[in-house]
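Read through the structures below before going on.
You will see chain A twice below: alongside chain B first, and alongside chain C after that.
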Partner chain A sequence: MVGLPGRGMHLGIDPLSALFLCLLAPQVVAAAVAVERKSVTFWVFVLGMVLALVAADSFALILGFELMSAASWLLVLRGDRRPDGRPPATLYAGVALFSAACLIPAVFLPAGGIAFVLLLLGAGAKAGLAPLHSWLPRAHPAPSAGVSAVMSGGMVSVALYVIIRYAFIVFGNAAEPWWGTVLMAVGAASVLIGALRCLLEVELKTVLACSTVEHMGLIAVGLGVALRARAMDDPALASLALQAALLCAVAHALFKPLLFLGAGAVHHATGTTSLDWLGGLMRCMPRLGVLMLVGAAGMAALPLGPGFAPEFLLLHAVIAAAGSGGVMAWIGFAALFGILGLSAALALAAGVRVIGFGFLGRPRSLHAAAAEEADRLTLIGMGILAVCCVLVALTPGLLLRAMAPVISEAVPGALPQALAYAPLPLALLMAVLAAVAFVALRRFGARGEREVPAWNGGFGKPPVWLPFGDPATQPIASGFAEPVRRVLGPALLGRAGLDPGERYILAPLSRLHLRLTRLAELVRRATIRQRLAFVFGALVMFLLALGLGQNG
Partner chain B sequence: MVVLLLRCFATLLHAMLMLALAPLLMGVVTKIRARLLGRRGPVLLQPYRDLWKLIHKIPLIPDTATELYKIWPFVSFAAIGAVALLVPGFALNLASARFSDFITIIGLFAVSRAAIMLAGLETGFGFGAAGAAREALFGLFSEAALLVVVLVFGLISGDPTVDGIATYFSFGQLGISVSLGFALVATLAVALTETGRIPADNPAGHLELAMVHEAMLLEYSGRYLALFQYTACLRLMIWFSLIATVFFPFGMAQAGNILSWPMGLISWLAKLGALAAALALFEVSTAKMRVFRVPEFLGVALLLGLLAVIFLFVAGRLSA
Partner chain C sequence: MMGLQIFTNSLAHFLAGVLLLCAFALLSQRRLAAMITLVQAEALVLSAAAFWQGLVQGSDGLFLTGIITLCIKGFLLPIALRRITRQFNLIRAVETVMPVGLSMIIGVGLIGIAVMVVLPGSAGTVTLTHEDLAIALSVVLLGLLVMTTRRNALSQVIGFLSTENGLVLAAIGMPGMPFVVELSVALLVLLALLVVGVFVFQLREHFETLDLSGIEAIERRGR
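And then the complex of A and B:
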């Protein structure tokens, strides 16, 4: 038996782990169907995640978590290199080691502030929460699409599971309000930076990874509000916020793998995922385009998409929380609300950008023009996820009711909150309105339509040797993001336009590494005389210290 | 039972009035604006005539557009139409009152905005994409400012629905509040941007480089363009009704009480007329801003929203 000496390893399933297992299942099935059936490492990776979820003691949890880290490191290592030539696997291994170094003491320490901070550092680094998020947009896009999908949908969920398991259940009774505040601050920073980078990045897979950072931030904000309310004995608010966080996790675990699988199919069909080189894919890949539309609606948190109900609950939870506490809490929640609004609009623009520049308009390269529809298995895998997305989008109320045991497990004395957003009647109403408009236009309007060259402000028809018009006259995705970069970039990203996580964490670390390397190099290159002098000097110093110590 | 029937009937009447009067409202604004500029202006019914003319033209579909080209006008209209049913007009306590959550309404506005932006990107030519990029930029700040204003309402009234907020404001002992003044200014700035009026955008603009909303519709024609233009009228109507309901809720009818309806209708139309006049007056007295000034304009709105929240706290402390 593997396990701690004399204790063994315990496994068990309670409502919380059951929820996360359910959330893992569709994406693993979809990724397996689509691409990764035969990869042993992939299945080891999945095994690690499942082990972490069904663990009933700290040892089994850490074992599963590290198995997951190691297997995913292998997968990242094997994945293709980023265009900038920097292999992300080393960075990934570093973050995984840091995460383990924080998490292992955290789970064995007694409940308290230090344990919580270590837990947040360890699991937060894995979930891609700011300020330790900047590895995620580099590492998640590196492996093949199926692995990216499960990393971005499943692995971060496991990290969240660890946070929820320890912060709410294991350490629950020692929780203090400032834990929640820290979690909210971390979440708000991730939301803002994730959403902004999600709009500015050009590679489709990087865009999706940045959106993962944003959604992890949203979930962290929800968990923070819940944790703070729990510590302040407000079970109604705590359950509302926890509902928001869990529903967001469920929705994210469905639409993000869907989008990643789609990005993989686009890469397979065109050889690139750069939005600046795609365009018009809806014409040659209509099925994939519609599936991506479902995912993008979730990513942009639009009503009738899977992402709206959690956003709705979260905003309501923040409104409810804003009334509690002193002036600092009041101002903080107002600022948080502004940040959430800004990020929601950024996410909307990013979703529009993915669809508008990837799938609509004219092809921006011959590869994009000659793309072929994705193969059947990929479409089936994505279809499974899309069906789940639509179900979650239309019946969030049922899902919340099914989640009730999880909520009452994490928040003692929880009060189930009804959802005031009713997607089914809304969908029906919109369908009726669209149908009425359609029928009225058909009945009273002119019949038929004519296909013509686009008017384009009066420019002439392009010559025959340029079937999609002059490529130089096409808007590109980076141009679409340019106004936002000009307005928000200097304030949030600095003049260099670098992610703060890279500028303040990765860059100093890399400078420190360089300096230490130089020092080591100096030692290595020292001549024999220098070494002798060094040894002699050290000896003198030692004797001097010894002598002074004896006299004094 | 009778009350429920009356409420349903009031909702139906409300929906029909909103949908029928939207182009007229646009006509009124145009007329007043022309008069203020010393012109005679088009007749009040001109927007109806324009729509009628457009739906009788055969639409020209650009050959670079995809299959979804024809779907965006309907998506945009359906979302805005749903909002028209949720935002109260002449009466409170409509059958749709329970669903009139402010955040749902903001979400539906976002759906409509996304559909228009995608319509602009549909053909892959420069003007549409430029318009969409600007719309995305404005959307950032207007959504943030609007959400902070919603937070103010939520903190004052404790009710997230538009209907509940208006009911609270019309019956509650509110007095004159600094916070609501700030919130009103912020809302007006957001409304001007969302409906594409001067100073953020010019609905009558014909210079492609300066257009935002119209630039995205440049490749649309015939019935699809008519639907987009009708949706724009409806959006103006919704914003006027929203501002009238939340900030000036006096004289509104109760949907369950048929005797209060005539008064409610009259006061609603009067409020719409006053707002139309105010909009026209504001438009002739300001110039259109440069695109990159608009975020600053909306940033001020966001700041006013935050100030409103802080004043609310101070007021709560002073009165407690």
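And then the complex of A and C:
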């Protein structure tokens, strides 16, 4: 028995932890099948996550959470390739320590505003919510593909679980509307910055990590709306928003590991994940390409994909919440709606960019041209996730009905809302229409053949010395993102194009660190006399304070 | 009887005041020879104070304290220090870190702090031991100030001795102070002198000077 002295460790499973365990299972299985069967650290990492999910007391939860942090730090350290010369493992350790320093007091404090803010700082830093998100696009791509997949799909989900567990269930009765507002603001900022960077980054794994920030933001917005509605005694709205958030968490935990495993396979096959050097992979790696297409459909929130239903519900919830306060609520929720719409468009562009520049077109480098299909185990692992993705995409209604106990656990008196979106009949209808069109075309279409010039597929006009076209004349991924960078970059990223999280948090911290180091160096280099003078000065100060305290 | 009591206390205070004056004069001296003389004078006054207290309190331990102080700090240490200064030709002026006037102003401030700490705000409850303690604390602080404001290793030793004198003054002013403490303090001073002596010889061997500023420059460059 491990636990507080004299009290054992309590484990237990309720609907909420069962949901997150279900969500953890497919990605762990897929990552294990694909890459990480033998790594002990990986299994310790998984054990930590499971422990955090099944914990029934705060101590066990913290133990699991920190075990997860420590193991994932080891994994980041091991895979740390430092593409830009900065050590993400050190940054990651710093974030993990900060998170622990906020979370440990938060879970042991009495329910209230301070505990909630600490909880949000601690678990939010781990989940990659703005403004503490800038470590995530650096650290998540660093380890190997399987670990990246579980970090980006599972670890952030565990952090969300902690937020839901404490904000809704443990602190639930002390909740105030401003808690939800804070969560929504944090979520909206993450959504915006995540979606924008997701479109601008060039490395495939970094793109996926930025998309993680965006989806965490979406979930946080959903949770924020739910928390606010719960504190304002509106169980119908609260359950609608919570449904959106949980469905989004489920979808994200399926398609993000899928995409990360695919990115790892691409890296293995071509030696790079830079979208500017890929292209034409659909021809060499057709199965991987199809699997990635399923994942990218989820990431882009396309209809009939896994990511659409949660966004649809979330927008419904935001519209419904707009009428729940004064004029400020109208303005705020209208702005939130605009941000969500903008980020949905950016996410769509990012999804198109991943597939269009990574897998379509013609190879932009010899490595990409010579890529071979990923190995069978990776394909099997990704296949498991893709099947789950399709199931979730086609039957969100069933999933929501299965989630009803979770909703009523988190929101007392919940009224689960029916989903006004039925993808399965829609898909069937489209299949029937396609079949009818196909048959009609075969039956009544024109016969015979006709030669037309091929569409040049986005290529520029080839130079005269390369009559068949040069792959380098294709537009590249950074060029595709350039219009968006011109329009939104200066406003959101500043002139240097740096993430605000780095510019306003990491850079000042780094300057502070430099200053403290200089101070420490000054103390270390002090001569005997200076040290004596320092001790003497401290003594005199102490005596002075003592004297003033006595007489004052 | 009452008159004898007043006389006893005023003599004790007079000796303590002379000690404080010596400690204060230590701050103003630039020359090592004069500093050694002042420390010797401090030790003589201290031993006189110890004998007087021993007589008044009727305690043999205090006589022993006075004898030890007289022998070690009144004669042995000054003779050793003078030998060192002669050996290294250090009779010339010592270099101070801050101007003498400034260090004396700071010294006055330190005495003020010591008085403020030890004497309670309400004047009615002032006892005579308190005043003794205030003077002793002032001497300790002034000795520390000497240690921090001088560059020369020997003058730091002298500042240390002055600090130690302040501690002993506090000890003999308190009736019933155990003698063991005094003995250990004296031994400690001897030990410090030994260490510093070795240190000084080493310095002399390596740098041909006792001025610590050369070492400080090396420390700054080297580390």
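The working rule: the second predicted complex is superposed on the first by the 485 of 552 C-alpha atoms of A that agree within 3 Å, B and C clash if a C-alpha of one lies under 4 Å from a C-alpha of the other, contacts with A are read in each partner's own complex, and residues count from 1 in each chain.
Quick note on the criterion: contacts are C-beta pairs under 8 Å (C-beta built on N, C-alpha and C of every residue); 3 or more make two chains touch, one makes a residue touch a chain.
Please read these numbers as outputs of a predicted model, since none were measured by experiment.
Q: Just chain B (first), just chain C (second), both, or neither: which does A:Gly547 touch?
A: second
Q: Return first, second, both or neither, reflecting whether A:Arg524 touches chain B, chain C, both chains, or no partner chain.
A: The answer is second: A:Arg524 touches chain C but not chain B.
Q: More residues of chain A are touched by which chain, chain B or chain C?
A: Of chain B and chain C, the partner in contact with more residues of chain A is B.
Q: Does the superposition put A:Gly501 against chain B (first), chain C (second), both, or neither?
A: neither
Q: A:Gly351 contacts which: chain B (first), chain C (second), both, neither?
A: first
Q: Report for A:Pro396: first if it touches chain B alone, second if chain C alone, otherwise both or neither.
A: neither
Q: Just chain B (first), just chain C (second), both, or neither: which does A:Leu441 touch?
A: In the superposed model, A:Leu441 contacts chain B only, not chain C.
Q: Let me test your reading of the model: by the given contact rule, A:Gly79 touches which partner, first (chain B), second (chain C), both or neither?
A: neither
Q: Which chain A residues contact chain B in one complex and chain C in the other?
A: none
Q: Quick check on the complex: what are the chain A residues that touch chain C?
A: Result: residues 524-525, 527-529, 532-533, 536, 539-540, 543-544, 546-548, 550-551 of chain A touch chain C.
Q: Which chain A residues qualify as touching chain B in the complex?
A: Contacts found on chain A: 199, 279-280, 282-283, 286, 289, 300-304, 308, 311-312, 315-316, 318-319, 322-323, 327, 330-331, 333-335, 337-342, 344-346, 348-349, 351-353, 355-357, 359-362, 420-422, 425-426, 429-431, 433-434, 437-438, 441, 444-446, 448-457, 468-469, 473-475, 479-484, 486-488.
Q: What residues of chain B sit close enough to touch chain A in their complex?
A: On the chain B side, the touching residues are 55-68, 74-75, 77-79, 81-82, 85, 98-99, 101, 103-104, 107-108, 110-111, 113-114, 117-118, 120-130, 132-134, 136-137, 139-148, 150-151, 154-155, 160-161, 208, 218-219, 222-223, 226-227, 291-292, 295, 302, 305-306, 309-310, 313.
Q: Which bits of chain C are touching chain A when the two form their complex?
A: 97, 110, 113-114, 116-117, 120-121, 141, 144-145, 147-148, 151, 156, 212, 215-216, 219-220, 223
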